[in-house]
């Protein structure tokens, strides 16, 4: 009951702010709405009892990546860009194609509607963080290392990109 | 106290009650921290500071709050009204939200999340938006620059501070604030004894995160009028102010919980009881402190010039007496109550000590240049904190595998880390922000 | 927990919105943000299924995805900054130096 | 045959300086001064040791075959051809070295004096820029000079000859920022070219006539071709070679470069323009004595020119005020003496005087350099005076050198000069009288120099007065050693009359191919001994008179000098301006050369450029117009046509590949849709 209420609250919040994010003319507003959407997503995670991911989502996405976005937006923010046309020439084609894609996915849902349900009610372990840590550092150690290397490379790349003279 | 309060109330009513209390008290505390700041600054500069409103300016914060409340509220032209309204609320709200997971005592805690610390970090990291959006929304160059600076600064120092905390977390073995404190109780020593370097890193990082001097670049009055707060006035400005001081208390609480043993009394493992009772000697200290405070105030009463001030002073003395009585009475109450009340006292005492350190730094250190700030963060603190984390992990493994005493292994590794720190400091000297020198030819 | 279909539908909706955003907005930053949105939709999917099967693998994958998102954001924004410094624009259809 | 070690390794002697020279000129800039000093002086010192070793091993050989040669490798292989004499000759030249008493003496002088002057330079040049450059050139010079004296054929000798010329040019122009120095260098170079031309022609003629240029083969060739004395072809050779000698050794008419050469640093003047290089001509004449003995006319030309140069230069030396100029003219005059000796057939006496002159003239220059050093660069004697007390060592050495050059009895100069004079007297009275007069003038101007510099009251400028200082040890020690040599150097051949046995002369004898007539005369021994004694006394008297005159004019009654100068105003001016010879040469040769150059230049611009080049250019432009047209319309046209075709047919690809990222994303989505569609199709088919 409460679960359902929270879910719909978060879902509507996420979808609404996502739509606003895509349609806003002002980039900063778009960023703020994206942040809202991300926070709503974090709420969804919390509902799914993934506390660690909930926190990670907030710290990394909202507290890190989006700050970066806002930072860059403020660096490159052009008032003239507010007056320009916001959508590209291919918008109608694009929307049409997206709708086609959506229809296909819905079809997929329709095909598999019978198999999705409450699912096997697993006894969710209380210590989510420990479980994630175990999985991350034991079973997924190699991907973890690869991800760390990826981050290193990304960092170097960002530094190079950020240099005044490339 | 579980036996005398039904669980339903414990689950739903108490947290709300705590929340209300926090939200109600916090602005008052913030105001008095401001007063404390002004007094300390005056003392360090051989002045008196506020003396007029109330005896020794004791009522100054209230007066300030009233003044700010009734000030005209200006919204600059072409400002983004929505953002302009939202930003201060955001910064205060996030600061308040962070208190949800802070344990002021064994029981005095809104919610004991098992990712409590991460939750606090996450929420306080959201406070950035309050500053950035506010600076952007007020449509002014000073504000925008301040916002950008603070964004860069916070992102830079969050990493170092978080890693500094991790070194303590490794010893604690848990993310829940409560169990962290209990871990310190079990070990018998506060974690500052295990990871002093980590504590130092977090100290610096937290100063930078709260935009306090010497890292107050975002509101450097000598460069950008007031940084992101330039266009704000009146109540919104007061909200920003409140947010800043609330943040100070948040970081102070985190430091207290992770490094300074939270609500634990000093020498918590040192048991010596009154004959025939289970009350420990050192537990009298709080009530004694308040008793002395009351005596001091009473001595000050007759010196006040005006009658009203004498009355206020007397009232303060009475308050202190009451508190001392409460502390004393708690000794006789059930252990749970005693632990709760004294825990709150010790916790707040440590928090204020930490904040006093903040004030001290502010009045003694000159402000950094921005490139120096960045260099300190990226080229000294972050490498050092990484080394510190690794060293701590090694220390834990050593103490577990070879049975070496944890404190000993930890301190050995800390010494090594200090060596690294010295090397980093020496290496960080060369100017990173200057133009490359022209290589003189043959 | 609610039937997993709800979560799937939510993530699908977000995904579609993100796709539309990527395809239609001219501003590269908004395109990047839409990509973040898509990644989030995927995350919701993963977490929902991990809850569904009662294992944490999905969450681990979500963590990896967040990592990649961070990397992508860093590099992408760096590119955008460099480009803006040289061309004074952030519009996708003006980034046509690869045009025939 | 295995020659003794040093004789077998004489080719190493020039090598050491060459190595250090190369090092200096390639990498010297990076070396510290002490390193440079050690390397360069050390290399010269090693060469000196090898020379001494070679000398003594040569002495150890029996008198008749005191000659050793070392053939390194062929340079020009044997080329058979018909000589002018009609015989079949083989022209060949190789990198060969030959050492006999003559070259042994020369290498001893070159390396010994050179070593001393190197040491001196380390002190003198200590504060100059281009230290490494200086020593690089100096060592290069040592190399070339040693090649010159050690070569066993005329071509190697010529290599050394040109090498020393180059080094002299480089070192005269060492202070290349001073225009006068640069000009002096150029002048020396050009004047030497004239002489070298003659020398080269002489070499050609030698090889053409005798079919060989190897010293040890020329004599036999002469004998084989039994040329008679006075053969015009031999005469031509001798005169041509002598032209080269006059160029290198600054004889009339090619002496003009030597005075200007004093622009170079003083050690250079001492080493190159006094001690060694300028004596190359004398050495060459002595080396080719077999030719000259067959050309009496040439001999007399040599003698006359030598005598005239001696007198002429001495006369100019009398009036010079620049201390180095005086020494320069005295050098010329002493060289004249040497040629006089060679001209009268007393080659050994010439070489002997060459050696003693190397000692005392080197000493004079070094002492003068020390004076200039002390006066911080002052060279005008009128601004000196009264230095005897202030710089005693320099003073005493200078005095000894002056006595030596003047020819006071026990000193070296006396021995050599009187030997020359007596030999000349045997030959011809007038030549002797010229030489005699010159000796007096030498004494006069040398002591004029000494008195003006060291006696009387000081005329030094104030700021220079303050830091007058004796030179450092590194400069004084060579002075002292050279002083000792210029005292004792002459005793190597103490005249028979004074109970000596002129060993040096006899040591050199075997080099000189004495014709029968002369040998008979030599057998009869020198002329009446008493006559020789009288000659000595006469010259001593004249020398003392000259010294007294100098004292009287420049110490006793100082105003007399100006009075005399005014009295003989015209003559004085004439002499003071060096007889206007430079102006004459300018008028005769330099300006004519300029006119020729101008004429050629105008020809070049008008005829060659105007007609040839510009015409060709016009033609080229015209043709290129045509080809441009062809290129644009035919070649490029076809290319553009092709590209246009490709452009037209490539539009579908272009539609997809338009570097717009969003279109790419669109394509991605399309692909996604396609994949999903295929998946549905699969599921559908599975259902059925």
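Just so it is clear, A, B, C and D label the chains in written order, and each chain counts residues from 1 on its own.
In this text, a contact is a pair of C-beta atoms (placed from the backbone, for glycine too) under 8 Å apart; a residue touches a chain by one contact, two chains touch by 3 or more.
Since this is a predicted model, take the numbers as computed values, not measurements.
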| item | value |
| --- | --- |
| Labels of chains that are neighbours to chain B and to chain D | A |
| Chain centre separation (chain A, chain C; CA means) in Å | 6 |
| Inter-centroid spacing, chain C versus chain B (mean Cα positions, whole Å) | 36 |
| Centroid distance [mean C-alpha coordinates] between chain D and chain A, Å | 89 |
| Rounded Å distance between chain A and chain B, as computed from the means of their C-alpha atoms | 32 |
| For chain D, residues contacting two or more additional chains | 662, 666, 669 |
| Multi-chain contact residues (two or more partners), chain B | none |
| Residues of chain C touching at least two other chains | 19, 23, 92-93 |
| Chain contact topology (line, ring, star, complete or other) | other |
| Pairs of chains in contact (touch as defined earlier), listed by label | A-B, A-C, A-D, C-D |
| Chain D-touching residues of chain A, taken from the complex the two chains share | 88, 90, 93-94, 97-98, 100-101, 104-105, 107-108, 111 |
| Chain D-facing residues of chain C, complex | 19, 22-23, 28, 31, 92-93, 95-100 |
| Residues of chain A touching chain C in the complex | 3-4, 7, 11, 14-15, 18-19, 21-22, 27, 30-31, 34, 37-38, 41, 44-45, 47-50, 52-53, 56-57, 60-61, 64-65, 68-69, 72-73, 75-76, 78, 81, 84-91, 94-95, 97-98, 101-102, 105-106, 109, 113, 116-120, 122-124, 128, 131-132, 135-136, 139-140, 143, 147, 150-151, 153-155, 157-162, 164, 166 |
| Footprint of chain C on chain D - complex, ascending | 654, 657-662, 665-666, 669 |
| Contact set on chain D toward chain A in their complex | 662-663, 666, 669-670, 672-673, 676-677, 680, 683 |
